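Pasting the structures in now, so scroll down.
Here subunit A shows up in two complexes: once beside subunit B, once beside subunit C.
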Partner chain A sequence: MRKDEKDKVGFREVLAIMVFTLGLKGTDISTVLLLREGLNAAWMIIIGSFLFIIPSLLILSSVLKKHQTKNLLEITQLTMGKPFAFLIALSLLFFTLMNTATDSRSYMTQLISVNFPNTPLFILYLCFLALCMWVAKKGWEAIGSIAWAVFPYLMIALAMLYVLMFKEAVFYRIFPLFGNGKWEIVKASFNFSSLFAELLAMMYPFVKNHKTYTRSLYSSLLLTVSLMALMYLSYIWMFDYRSVGKITYPFNEAIRIVSLGRNITNIETFFITLWLVGVFVKFVVYIYFVSKIFGFLFHISEFEHTIIPISILILVIGMIPENNEISLFVIRTNTLAYFKYLFLFLPPMLWVATKIREVRAA
Partner chain B sequence: MRNSFFKKSKMFTLEMSKECLDDPILQKGEFFSGDISLDSTIIKQIYSYPTNIDFMIRELTIHAMEQKAVLFYIPSLADPKLIDEGIIKPLITTGNVIEDVRSAISASGVSEEREINNAIKELNTGDTLLLVEGQAQGYLIRTSKAAGRNVEKPQNETTLLGPKESFVEKADVNISLIRKKIHSEDFTVEKMVIGERSKNEVYIIYNRELAGVEVVSEVKARIGAITKDAVQNLSLLVQHIEDRKRGLLPTILQTERPDRAATFIEDGYVVIAMNNSPFALVTPATFWSFFHTGDDHYLRFVYGNFTRILRILAMFITLFTPSIYIAITNYHMEMLPTDLLLAIAGAREMVPFPAIIELLLLETAFELIREAGIRVPVPIGPTIGIVGALILGQAGVEANVFSPIVVIVVALSGLSSYAIGDVNLNYSIRIARFGFLVAAGLFGIFGMVSCFIVCLAYLTTLKSFGVPYLAPLTPKYKSSDDTIFRKILSNENLRPGFTKTKDITKDVIRNK
Partner chain C sequence: MRRRALPFLLFSMVFLLTGCWDKKEVEERSYVVAIGLDLPKGVDLEKEQAVDVTFQFSNPKLNVKGANPAEGAEMEDIITLTAPDFVTARNMANSFVTREVSFSHNKVLIISEELAKTEIFYRMLSTAFKDREMRREANIIVTEGKASEFISKNKPEMMVRPHRYYQFLIDRATETGMVPESTINRFFAITDGDADLFLAMYGSYDKNNKETGFQDEDQYIAGQVPKRGGNPIQLIGSAVFKEGKMIGTLTGEETRITRFLDNTAELRDLFSSFQDPLDKRYKIAVRLKQTKKLKVKIKKRNGPPKIEITYPLDVKVLSVPSMINYADNLENQEKLKTALKNKLKENAENLIEKTQKEFKGEPFYWSLNVRPLFDTVKEYEEWDWMNKNYPLADIHITMDVNIVGFGKQLKESNIEKVRD
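Let's turn to the complex of A and B:
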């Protein structure tokens, strides 16, 4: 390998990573939140929140283009000074750490309550995080390669799942088209706009060049949004809005219902296997980013060394909530509510600050 | 007691060294004197003649020069017929006056050597040394001919439509087998000598205009860094120069097919050959070079890809069938149709062990049969099959030690493992299978996925001579994308970029 290629990944790897980290949100417990808000128009919330976040993403992209090879936090430090950057990084660290901890815990709870009723949560969680930690320590290139290596198979399985779900679907259930009402959807879209924002900004310095970054960003976002919207639509088609709000794990229910002909009726384990592969990749990426932000915050250039303590921290935080409901309704709702402003308004602020600096310099 | 033993051994070495000290020691860089009685005394002492019977001295008088001469050779390495016909006969019988000894000898390769040490080196490889009175130099005549077998059919890498010749234990034959497929002046063979004592020769073969400089220099550096008395053959050399010596996966390809080696050279790889090894090494090797076989490209596009599908399927079956069986029957029963579940439960009713123990037992038994099958003398080979199949399978099931389902599972995974052609990859997959089995026994599907991720992380970080193991799948390189599937031949017009080849496009030249 040439030296300059180190820690950089290409288009395919970024695409795979982004689709995994974001797309899996269509299968976890956050679907409950969205379906409760939007009922049978929940799929519109996905598209709506994407539209909300697009302007700031565009602005961010132009800001990043000006500062090649620097990440979001470094740019903040450059344009707005150290104290402000520290504050932003601290809140970002808090957000990602909380998010990773509660998310990983909720994924494990989901797995245990559906597939492993007899396995102790702590043991499974420990194994899961230990493995994620080990893979994260292998570095960014390895993560990208793993993501791309499994990406095609996961996409094939997903396509298969969609086809099978269509067999069970009743398409009239999409009506009334706007669910609770148009204004409600707009409000909910705004509330959930941080769904898509989490990692995109941090991704930048790890991509070969700006063109690859923008290309992979837009294509992966488009792919993810359409996949997620289709996923939500399928839930509604399969369960209808009355029951979909009462189901805890719509994804698991859906893969349990679908069947391959008359003989093979339960293929849920097959989908769970591939889903788990995706979950692993997702949390490897998360842990890597948390330690990256941590490294920036406390000026640790070799931030890979912080992966082990951070994973232990995640394990401890993740074990705190008593059950999934607390992690979902108390922690996640609040973090989502407050941190969307960070993602919505930080890029414009950066842009303005960059402009001001340019004018001053001129 | 231990102390006394050490004392004894010390005394012994002291005595030995005293004896050695009495002899005149040949200084490095000593030259031939021109006095053949003196020179032959030195050489006789070096070879401990006449105690050592594998050393011949032939004294003769060249009448045409009116000089005495003496010939030295090692009869087990040299060709006596060639010595008779090519050296002794012309020297003795010629009637003309000899002015230049080289012109008087009819053997093909003759060189002059002034240093005794260098002459000894060549003598050790089977050459004949000729000393003539009054000349302060020796003539080294190529007469080497070691015993060995002829070119035969490949044993491990069989093909349906490919060439049917394989490497033998002689490096020069092996090089000529490759060479006859590449008629190019860029074809380069370099020689390196390793092993302080036994002076083993290693041949590095590559195409000067195609092979990447980094890989060639890396290969040379690694071979040069070996500090060993003797490295007898390539199987041992591999273990000195490979990347992760404790790793599960092989990083250097061993092939016994000259046509494969030639194809790799044409793609810019570096091939290593050595005496005493009926195969060649290919560096750098990726996962795909182990996965592919020679037949993939000899068969037509559709058939070739069909065999590739079968092979990857066999690989997955070998790796996953036993662990899937354990995961499903222990953790995810709902996956099976009810009838099948009842059938399995019924078959297992009388079995006293848990499924995982049962499977581990039978898998181990299968591996034992397999290992025994390799070591067993050929005449009683069929017995192994009978013992394995009848006693272990049939009787084990009837005695309710195993359930028939487990026999099916083990047989399926064992049979599929034979479809993986490469010996090294075969071993690593068979070992990895046990890891999956244990993981599935502990955590069901979760354990299997964890194990899979571990394997994948290992694969993606592994490198062979600086080349990522899964290239060109990930990370991406310019290449013909010959990974799981291959393209139509006319579309394969790029050399693999990960070898850092000097010329990535395969030139299209109009045929005349």
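Let's turn to the complex of A and C:
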């Protein structure tokens, strides 16, 4: 792996990348899962799952601090031995690959069913992944710059969207406050805790130093969680909890309903364009990380060469499910359910292993 | 590198600039501005699914400055056909409409009362929203007669563009409170919430002049407004929907009260007349406005709940034909206030009683005020506001009326002196 200074990014780039990769989950089809579990308390699940992931994040941060410049998998290899690291890397690869494939497919389906009804999925998917691949090939620094470059525009558009959505909102629809019940929210929060887990740890070696890492991690997570919670709240305020459950793409419906005054209606194209830019950045980052894990697993130091074959693999896997609902209800539900344990328990395990090694060394 | 990229870029332009599968010019589309739905004649709905669909298209030529609208083309802009549902009717229409029929600028859904009263209506409407072009911000208008006739009889005054016409009609009518705001989004939210009644705009066209004679300005329902000339269609009052099915109507006045009693409704300006308390022959014209929110306090208890309502209204006196001075006579002012209070309270109480007895549900969206009393959705839905509690509830109204002004003319002329 190349370790020149060029490959590191600073606070704002990390912030932009994290907000895109995680925040966009408030706009895609996974909202269906959360709204089904939480009804009008879905926004609490967002906050709850964030709280669930905090302890492992803290532990992870302290582990990472000890092994500066190494990523999660390298640390695993160092502390727990090669076979175990291989296993972890393999499952992580499986998870991220499946996730990227089903996710990107679902975004494409979303685009097709709302905006491009006649365009074949394969062509749209191909164009999308080709562009993502092209950007991902440019390397980490380029990804960071792009994310940061488009970040302000997206935030302005998002702020505008919130203001417009508030105009349509009926705030009392937030009640009954706890939706399906408090215990249900806790359970659902635990189940969806991998919502915020992806890729966080992998980011580490790409950030300038430990301080920047922690600073950007926490601020971006806080920003993302609040943006997502607000997004879910807006859905509830606009559609009410029973009605929103029927909608496949609440985000798309929401941007259709809002209008600028009386005369400027049908402004969804404006939002969808900027949203699409965000989606591009998200999948550029995903593809980059998948190939990085792949590179680690098979000892390919110039892992950026694997981006092309991996994109093709993603395309192939993404094309398999017959419809988007299968990928949602079967694949995503299961991957989310099983891999949360990996994200929740790997950091503590690493911490213990590191401690044991330290004691032995002493 | 750059030199090699250039031909590639130029080559890809060939693909980019010709557009893709979904590229459609405005010229290639026909935009529907109003969809009308009727029960079809001669089809047994028990056995087969069918609906009469009427489309009114906008005329894109009119938007080109200086272009002459094709003469006599207006009538051809409206078509009616019988189809299984109105989503597929688009393609049926293409057997004689040359362009792609698009719903993406549809402003209203006009439904005949006859269809709205059947159970199939909700099925048809709610599932149509799987289609990507259906927009939830479109409004629902229920018409007394046939929707197709409502659309074709419509002769917009001063306006040639139908999409503007519907928008203005709806905007203005909702501002004055004569009709409710009835977007499809609200329809779904309320119907799926299953705790309130939904109100849709009620419209009619002059059919057989069944005017009921002169009444106060807002006591009519559509089709009864005494008028001569103008557009034959009227929009006043509301159609009441319970669980996706139409069950009755409200007059313009009742609709206005409903909207005052509903915190989610916004009213702009509302002129109304009341009997002069000091001289019963005359009517005082006032402008009503709600600046404060309605307060609804609901007490859960064993048996029917107790509901305390504080009903705030700001009154501006606009004309006093009896020529009695109210502005500088505080005693008279107090009398006027009490009279207004009593009248407004009585109206509201009558309406509430009507909804409790006749409709067995409320159109005021008070379930929103019930919700904070519960922690979970399950408890709230089991308590069943609409069916088990509201019809039996004990409701008290406290009026909070303020006379905020007397217009821009302080005193009335002294009629005795003028006559002298």
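Criterion: the second predicted complex is superposed on the first by the 358 of 362 C-alpha atoms of A that agree within 3 Å, B and C clash if a C-alpha of one lies under 4 Å from a C-alpha of the other, contacts with A are read in each partner's own complex, and residues count from 1 in each chain.
The definition used in the following text is that contacts are C-beta pairs under 8 Å (C-beta built on N, C-alpha and C of every residue); 3 or more make two chains touch, one makes a residue touch a chain.
Note that the structure is predicted; figures quoted are calculated from it, not measured.
Within the superposed three-chain model, A:Thr119 lies in touch with subunit B and with subunit C [touch as defined at top].
Once the two complexes are laid over each other on the shared chain, residue contacts for A:Gly144 go to subunit B alone; subunit C is not touched.
In the superposed model, A:Val163 lies in contact with neither subunit B nor subunit C. With both structures placed on the common chain, the touch criterion links A:Ile257 to subunit C but leaves subunit B unconnected.
Contacts of A:Val135 after superposition: subunit B is touched, whereas subunit C is not reached.
Of the two partner chains placed around the shared chain by superposition, subunit B is the only one that A:Val9 touches, whereas subunit C remains out of contact. Shared-chain residue A:Phe280: touches subunit B; no touch with subunit C. Within the superposed three-chain model, A:Asn266 lies in touch with subunit B and with subunit C [touch as defined at top]. With both structures placed on the common chain, the touch criterion links A:Arg242 to subunit C but leaves subunit B unconnected. Residues 115-116, 119, 265-266 of subunit A contact both subunit B in one complex and subunit C in the other. Of all the residues in subunit C, the ones that touch subunit A in their complex are 20-22, 104-105, 126, 132, 135-137, 167, 171, 185, 188-190, 192-194, 263-264, 365, 368-369, 371-372, 374-380.
Residue ranges of subunit A in contact with subunit B, taken from their complex: 1, 5, 9-10, 12-13, 111, 115-116, 119, 124, 127-128, 131, 134-135, 138-139, 141-142, 144-146, 148-150, 263-270, 272-273, 276-277, 280.
Those residues of subunit B that touch subunit A in the shared complex are 327-328, 331-332, 334-337, 443-446, 448-450, 452-454, 456-457, 459-461, 463, 466, 468, 470, 473-476. Taken together, the subunit A residues at the contact with subunit C in this complex read 39-40, 113-120, 123, 168, 170, 172-173, 175-182, 238-243, 245-246, 253, 256-257, 259, 262, 265-266.
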